[in-house]
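I'd like to ask some things about the structure below.
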Amino acid sequence: MSTYDLTTFGEAQIRLTVPKGDRLATCRELRLTPAGSEANVAGLLAQLQRRTAFASVVPKTDLGLRFMGEYRQVGVDLSHVIRTPEGRMALYFMEPGEFPLPAKVTYDRLYTKFREITPDTFDWDALLDTRVHFVTGITAALTEDTARTVTFAVEEAYRRGVKVALDVNFRAMLWTPERARSVLEPLLDKVSILFCSRLDGVKVFGLEGDGPTVNAALRERYGFDHVVSTDSVNGVYYSGLQGAKVFPVQPVPVVDRPGAGDSFVGGTLHGYLDDDVVAGIDYGLRTSKLALTHHGDLTHVTPGELAIPTTTDILR
Amino acid sequence: MSTYDLTTFGEAQIRLTVPKGDRLATCRELRLTPAGSEANVAGLLAQLQRRTAFASVVPKTDLGLRFMGEYRQVGVDLSHVIRTPEGRMALYFMEPGEFPLPAKVTYDRLYTKFREITPDTFDWDALLDTRVHFVTGITAALTEDTARTVTFAVEEAYRRGVKVALDVNFRAMLWTPERARSVLEPLLDKVSILFCSRLDGVKVFGLEGDGPTVNAALRERYGFDHVVSTDSVNGVYYSGLQGAKVFPVQPVPVVDRPGAGDSFVGGTLHGYLDDDVVAGIDYGLRTSKLALTHHGDLTHVTPGELAIPTTTDILR
Amino acid sequence: MSTYDLTTFGEAQIRLTVPKGDRLATCRELRLTPAGSEANVAGLLAQLQRRTAFASVVPKTDLGLRFMGEYRQVGVDLSHVIRTPEGRMALYFMEPGEFPLPAKVTYDRLYTKFREITPDTFDWDALLDTRVHFVTGITAALTEDTARTVTFAVEEAYRRGVKVALDVNFRAMLWTPERARSVLEPLLDKVSILFCSRLDGVKVFGLEGDGPTVNAALRERYGFDHVVSTDSVNGVYYSGLQGAKVFPVQPVPVVDRPGAGDSFVGGTLHGYLDDDVVAGIDYGLRTSKLALTHHGDLTHVTPGELAIPTTTDILR
Amino acid sequence: MSTYDLTTFGEAQIRLTVPKGDRLATCRELRLTPAGSEANVAGLLAQLQRRTAFASVVPKTDLGLRFMGEYRQVGVDLSHVIRTPEGRMALYFMEPGEFPLPAKVTYDRLYTKFREITPDTFDWDALLDTRVHFVTGITAALTEDTARTVTFAVEEAYRRGVKVALDVNFRAMLWTPERARSVLEPLLDKVSILFCSRLDGVKVFGLEGDGPTVNAALRERYGFDHVVSTDSVNGVYYSGLQGAKVFPVQPVPVVDRPGAGDSFVGGTLHGYLDDDVVAGIDYGLRTSKLALTHHGDLTHVTPGELAIPTTTDILR
Amino acid sequence: MSTYDLTTFGEAQIRLTVPKGDRLATCRELRLTPAGSEANVAGLLAQLQRRTAFASVVPKTDLGLRFMGEYRQVGVDLSHVIRTPEGRMALYFMEPGEFPLPAKVTYDRLYTKFREITPDTFDWDALLDTRVHFVTGITAALTEDTARTVTFAVEEAYRRGVKVALDVNFRAMLWTPERARSVLEPLLDKVSILFCSRLDGVKVFGLEGDGPTVNAALRERYGFDHVVSTDSVNGVYYSGLQGAKVFPVQPVPVVDRPGAGDSFVGGTLHGYLDDDVVAGIDYGLRTSKLALTHHGDLTHVTPGELAIPTTTDILR
Amino acid sequence: MSTYDLTTFGEAQIRLTVPKGDRLATCRELRLTPAGSEANVAGLLAQLQRRTAFASVVPKTDLGLRFMGEYRQVGVDLSHVIRTPEGRMALYFMEPGEFPLPAKVTYDRLYTKFREITPDTFDWDALLDTRVHFVTGITAALTEDTARTVTFAVEEAYRRGVKVALDVNFRAMLWTPERARSVLEPLLDKVSILFCSRLDGVKVFGLEGDGPTVNAALRERYGFDHVVSTDSVNGVYYSGLQGAKVFPVQPVPVVDRPGAGDSFVGGTLHGYLDDDVVAGIDYGLRTSKLALTHHGDLTHVTPGELAIPTTTDILR
């Protein structure tokens, strides 16, 4: 049996968020929460009793320690994190924005040691002793080094028979659609389950059509076992070994948005680890809704909450 | 003339609430507010210039003092509260829950001295020198002792010609529907005004049908002067000496829910004390809406706010 | 070229606001924010790179200093503010009110030195070295002295060829409709751009009909270059040199309402200064929406935010 | 037996305090706490199980209600408070000041209805059905009307055989030493227990010397049963029927100073009510120390805390 | 090599603390921090890179989860904690107390499942695969069951050649000195390192004299390898295989006291694990000082902070 | 007459501070305050009614705007600040540290645009239209470019007859003593008033002895009009045209330390601008004490507070 259910690697970040009702240009306090797309997925699964590990390069500073505590607290194995004596943490500032003001994100994540990782940075024998290895386009987007390392990880996992999960998660602030396609496309035939929103399918892979169309086209073109596509409030679409399916999305109030997408991916992979992606998408829709109810990129959830009724009465 | 307009007794509680945007499993602060269904009703009426008294058994601790101050501040007579040198306060923890997460309540209210009250605990000559005596199913639900004391209070009030108001307020975490029915049903012929939600009518008294049907059936079967039934957002139903009436309910945003039902009861009893339950339900609908706008089980209201217009314009 | 794009004068105020979820009758903390309708307009325009000055009479106290810092921070020229060694600041207490509770404002603004201003108080040569002079009905409403000074300012500006902008902004807590009309009507033929809500048109000027009707009637009767009328969530109406136009209004969540109307006026005047009131109303609708997203009467905005897209997706 | 142990009257105030680490000239939040020297004394004694009443004139506003709740919460009888439909609350702003910055108080307490009280305002038959009547120089200082009413109260109490307690409490921001002496001196032969700091003895009554000297001189000149004089950190001095005594004062950290002097007076009067002023001064020294440990003018104390040991160990 | 450097077991608690400047009798917010003497020691050592495990019985509630996250975050192995589907968390309320008010602790820790542990509860083969096993008098004090389990643990560890560390930590609110002595004394010949304050030596073991005397007498009577005795601000005393030594204690400001004693024990055991208790006491004095600078029973420390200079200059 | 009394340039920073009682490794909130040694000096003098300007290079981000508002609010002329469309703000994280934990500062200030300034960046004709130009060793320490620009500024000011004030302010985290000396020493003959602590005199300029000795030696060696040297709590030393003088320093509690040194410099320069450095040092000692009482690098002060008495009594 493998040591882990899922392993992953990515950048460790700290988010600094403006309190509701204030603006970054005038505020006196910021909420500090650790972040990182891959860490969020590992953290969600750890709370659902999956054995997960997250690898990264994190400076030996108090901010680094703050990050470590956040994910260790929920049981993620951080023994593969390289602690460097020097270096800065990746930061991002966020003004949540009340409607109609959209959230405003300012990255301050350049010049980190993580950007210099190579295939030699991590111990792949240990890290790939896992059922699933998860990678994202965010990490591939940072530098040529990180792109090369993602490529290596996918190929090495595939070579060892480890299932690969890829979340495209295109970020226009990090790379161009063309660069994203040129880095990610060569990996796709080694990917078992792909997460790719309709919009990313259009922008990165040049597809066209509504959500189900793009979702089906991705599978047709690249032959994944499973493709999962979100399309904002329009729905979530699945095609794969379990057929094709549309999941409606229910708009809900938002206390804190970042990390909701990662919680959707984490919940879906929880089903995937039980060989039931369709059930997983149901989990994911629940965990992503839960994600919006509390602060922080990491969603806090208990196994029992995967089945929460959603009615609340007004009086009594 | 009676000394009081309304007297009541029940357990004193402290609520510990997780701040919005956090979860109990991760939070570092809790909001502390005193609570108690009967105290809330007495407190609301005191603010509307009614003379009310609340009796209980409260330990001589700082938490006990915290409770006393909350209700004394609005003018409730607490001279009938027995202070015990020892004992713990009943607590409950609450995670308010953003939609779709429902509120999550964890009781920690066992082992209190109030659970050991008997008919000898209070001075009924003084406590029943009142126009109305108010009891709830919550108190009856706690222990055999409290059930016995509620029964005694209702019978003794009836014997003295004091009007009895009963709020069924069934709580599945405290007793079964069968036990509730066996304790409460023998009291019903001594009750002048009954508060019983449609759902409680179905669960506890085995009735069937929509709100107006259950409401009418309660009156028909037990012969109260007035029966008031809430049915979530569907409406409030009245049948009694003033005929039958349906009141629409308007959904409103919720800052803090607990106590809203008690404020509805309190507002309705304000009308009942003027021999106009129909006007009282209007008051109750207003006070229960107000209850949702601020923290705490006790609703803060002024007499002038019983008639608040509800339009708010967007620009200017 | 004029020294200023816009100058104005009015009372300096401090708002003390109850935190969400509490009531003034029980609260332990108040949010302190400076306020003043005319200062808000000058402050908004200063952030949009307009040269603005605000004149007033402000005591040499720490509260006075608090006011000064708020508007100086965004670049308003406060060199025309008279600092008096003595005197109190105008205050107002506000309970924001959750729906259905409307906001509850308690003025404590009597007995200030500003109420004693006369035409001699300010240096008009300097203050009217401007393209536009802005006055409001609020200032005219305070005392006979302030009414006289507003009248003087309008006449003097007109005499010097400075464009006059007037915001009727009728406040029933300050004066009667009859008094408002008797003070403001004589000034109207010197006003270039008038802001008058449909409701104020009805109450103060005896007009009738829906928003477009009242808006058109105002122009017809008094002959302004431009009339801008808000009508709550129904819309904003324009008639004037650029024709007649209706602007739909989109209801949005409210974090903090006060100052939103001033931001609408400020945004509109930003267009007026470019000879395009119709574009200005678009700016104003945006700035007034932004105003609702953060605390304080002064809206914080950057020039780039005049063109914010308003879609936000739910998942990803 | 009298209805009350102690009655008193004075102005109701609201204190608005800058949070530690901020300044009024820049702050965004203020702590709101009710205040009033006489109310503080009545509130302290009520917590020590004395029957006390406080009379005043308080507007029917939410700020007025805030004041009422604060003192009713601890059991003070407020049935003698006149509620006026109009009028403003007396306010004062405070910047606590970290050493070496002294606390900075800005009064905003003019123009209140309380300033217009006359001997006819209160029901003296009810208010003087008490063992002790307590008055302060603060109330006498406000206006000629308040001075006249204090004079009337002292004479009327004396006439009825009610003991009079007077706290000189000279405030240079309210009146001159000369005016204070001319108002207070005629009352002194009717006073049973006088509180007068060494400094006030020097400034108001023209005495000279150190604390014990001034303390003794006051008694010698005016013939009180008891005179209690504080002298900052130097000590507290007593002379009277129980002889002469010096009490050392222990400097302690200060979380919030206002009200500490009132707590000293209240504690001392607790002893006086048991015919033991010397024990009372011990109580007062304790309650005034406790006063400094928490926010608000009203000191929260339980009878058991009158005997608190003061050692705290560092490790374990 | 053993799996662990140190293992321990004890009760999991939640502390609810009144904010500075408020009192429990009036407060509206409580600070929530997990607690537990043995968990604190394990948590401190984990941060110093020691492999530690903590065993307990913790309900499967959100409060239970809150406790788990706190200690897992710093790397304590919690795999030996038994999660029960039901049961309440041990709570304690604390009013920190400003000088001269001592801290006021109210326990609400009865009726927990931990009180029912027996020697069969834990897997001793795994838990005693350690270099040191640590137990405290607090756990022994709770019930006969817990006393029996502590006895079993000490004997079993001794039998297996695992070093035993015992912290007497006498709590008068939990048991009598006589009961403490009767439970603990039979274990002492199996203890390698004893922590016992001078006061506990006097109260529990009937010793007399100053710190060094009691410290030496403990070793003489029971023959430990090492005895460490604190004596409030007077000093810390050591006698044992490394001779006898006195350590001065430096009084420091206190932000939050609870857990400081545990941090002293943890720091000392850090040296003990390197066979240098004298160096350990130096560590302990530092970690206990650090403990006082931040909230929570668990002290947050990095290995580098074991050597912090303590001078701070005033200007520049 | 010059346009300005004092001009200066330096880096704009944002400080992110851990709240008291928490640690960076665990905190969830940070206090955000703008910072910058030269800006602080300009900001202090602006509040004392001096005409000051601060030049810098600041990105057009919300953090940049936050910085601008802070110093514009007190009246500093920021028209010489270059706003760049891109670039990051210099940040620093601070854990204030309770005694004995010293404050812990983590710089994150690399890679800013300000580091690339050259003598061509600013408009020296406008910036040197001033009585005094102020520069610091901090700016000189950042890069070769900034060193070159400081050198240019000093020479150009000297050439134009503008007095030069230099604060050595050596920061070991930014450069070595050797590099500091090689950059600063060539400028010293053009400096009118030098600020150099005893410690910096020893480390950077190789001097020896106590404060007065080092202070005198600096003047002797380089021939300044005035030399001002701080020496922690030991005292402040002056030698120059007004003779030699020692100023005792009074230790005070610290709410927030950063910026206190700049306030000392600012206060001293306030006297220097009146040709009385000795009076200025008195001002500086006061403003630096005030600096410690509130949060933020910028000290908030009013002209009247230059003469604050420092006694505070305990009781009354």
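Which chain is which? They are A, B, C, D, E and F, in the order written, and residues in each are numbered from 1.
What we mean here is this: a residue touches a chain if its C-beta (ideal position, glycine included) is under 8 Å from a C-beta of that chain, and two chains touch if they have at least 3 such contacts.
Given the structure is predicted, the values throughout are model-derived calculations rather than measurements.
A.B. asks: How many steps does it take, at the fewest, to get from subunit B to subunit E if each step moves to a chain that touches the one before?
C.D. replies: Steps on the shortest route: 1.
A.B. asks: Considering only chains that satisfy the touch condition with subunit B, which of them also satisfy it with subunit C?
C.D. replies: A, D
A.B. asks: Measuring centre to centre, with centres taken as mean CA positions, what chain is farthest from subunit C?
C.D. replies: Relative to subunit C, the chain whose C-alpha centre sits farthest away is E.
A.B. asks: Give, as an integer number of Å, the spacing between the C-alpha centres of subunit B and subunit A.
C.D. replies: Their C-alpha centroids are separated by 46 Å.
A.B. asks: Can you check how far apart subunit B and subunit D are, centre to centre, with Cα atoms defining each centre and the answer in Å?
C.D. replies: Between these chains, centre-to-centre, one finds 40 Å.
A.B. asks: Residues of subunit C touching 2+ other chains?
C.D. replies: 23, 25-26, 28, 62, 65, 69, 252, 302
A.B. asks: Would you please name all pairs of chains that touch?
C.D. replies: A-B, A-C, A-E, A-F, B-C, B-D, B-E, C-D, C-F, D-E, D-F, E-F
A.B. asks: Touching subunit C in the complex: which residues of subunit A?
C.D. replies: Listed in rising order, the residues are 20-23, 25-26, 97-103, 197, 230, 232-233, 236, 249, 251-252, 254, 260-261, 264, 288.
A.B. asks: For the complex, which residues does subunit C have touching subunit F?
C.D. replies: Within the complex, subunit C contacts subunit F at residues 62, 65, 69-70, 72-75, 302.
A.B. asks: Over in the complex, which subunit F residues touch subunit D? Could you list them?
C.D. replies: My answer: residues 250, 252-253, 255-256, 289-290, 292-295, 300, 302, 305, 308-316.
A.B. asks: Applying the document's contact rule, which stretches of subunit A touch subunit F when the two form their complex?
C.D. replies: Subunit A residues touching subunit F: 16, 23-33, 61-63, 65-66, 69, 88-89, 91, 93, 95, 104, 106, 108, 110-111.
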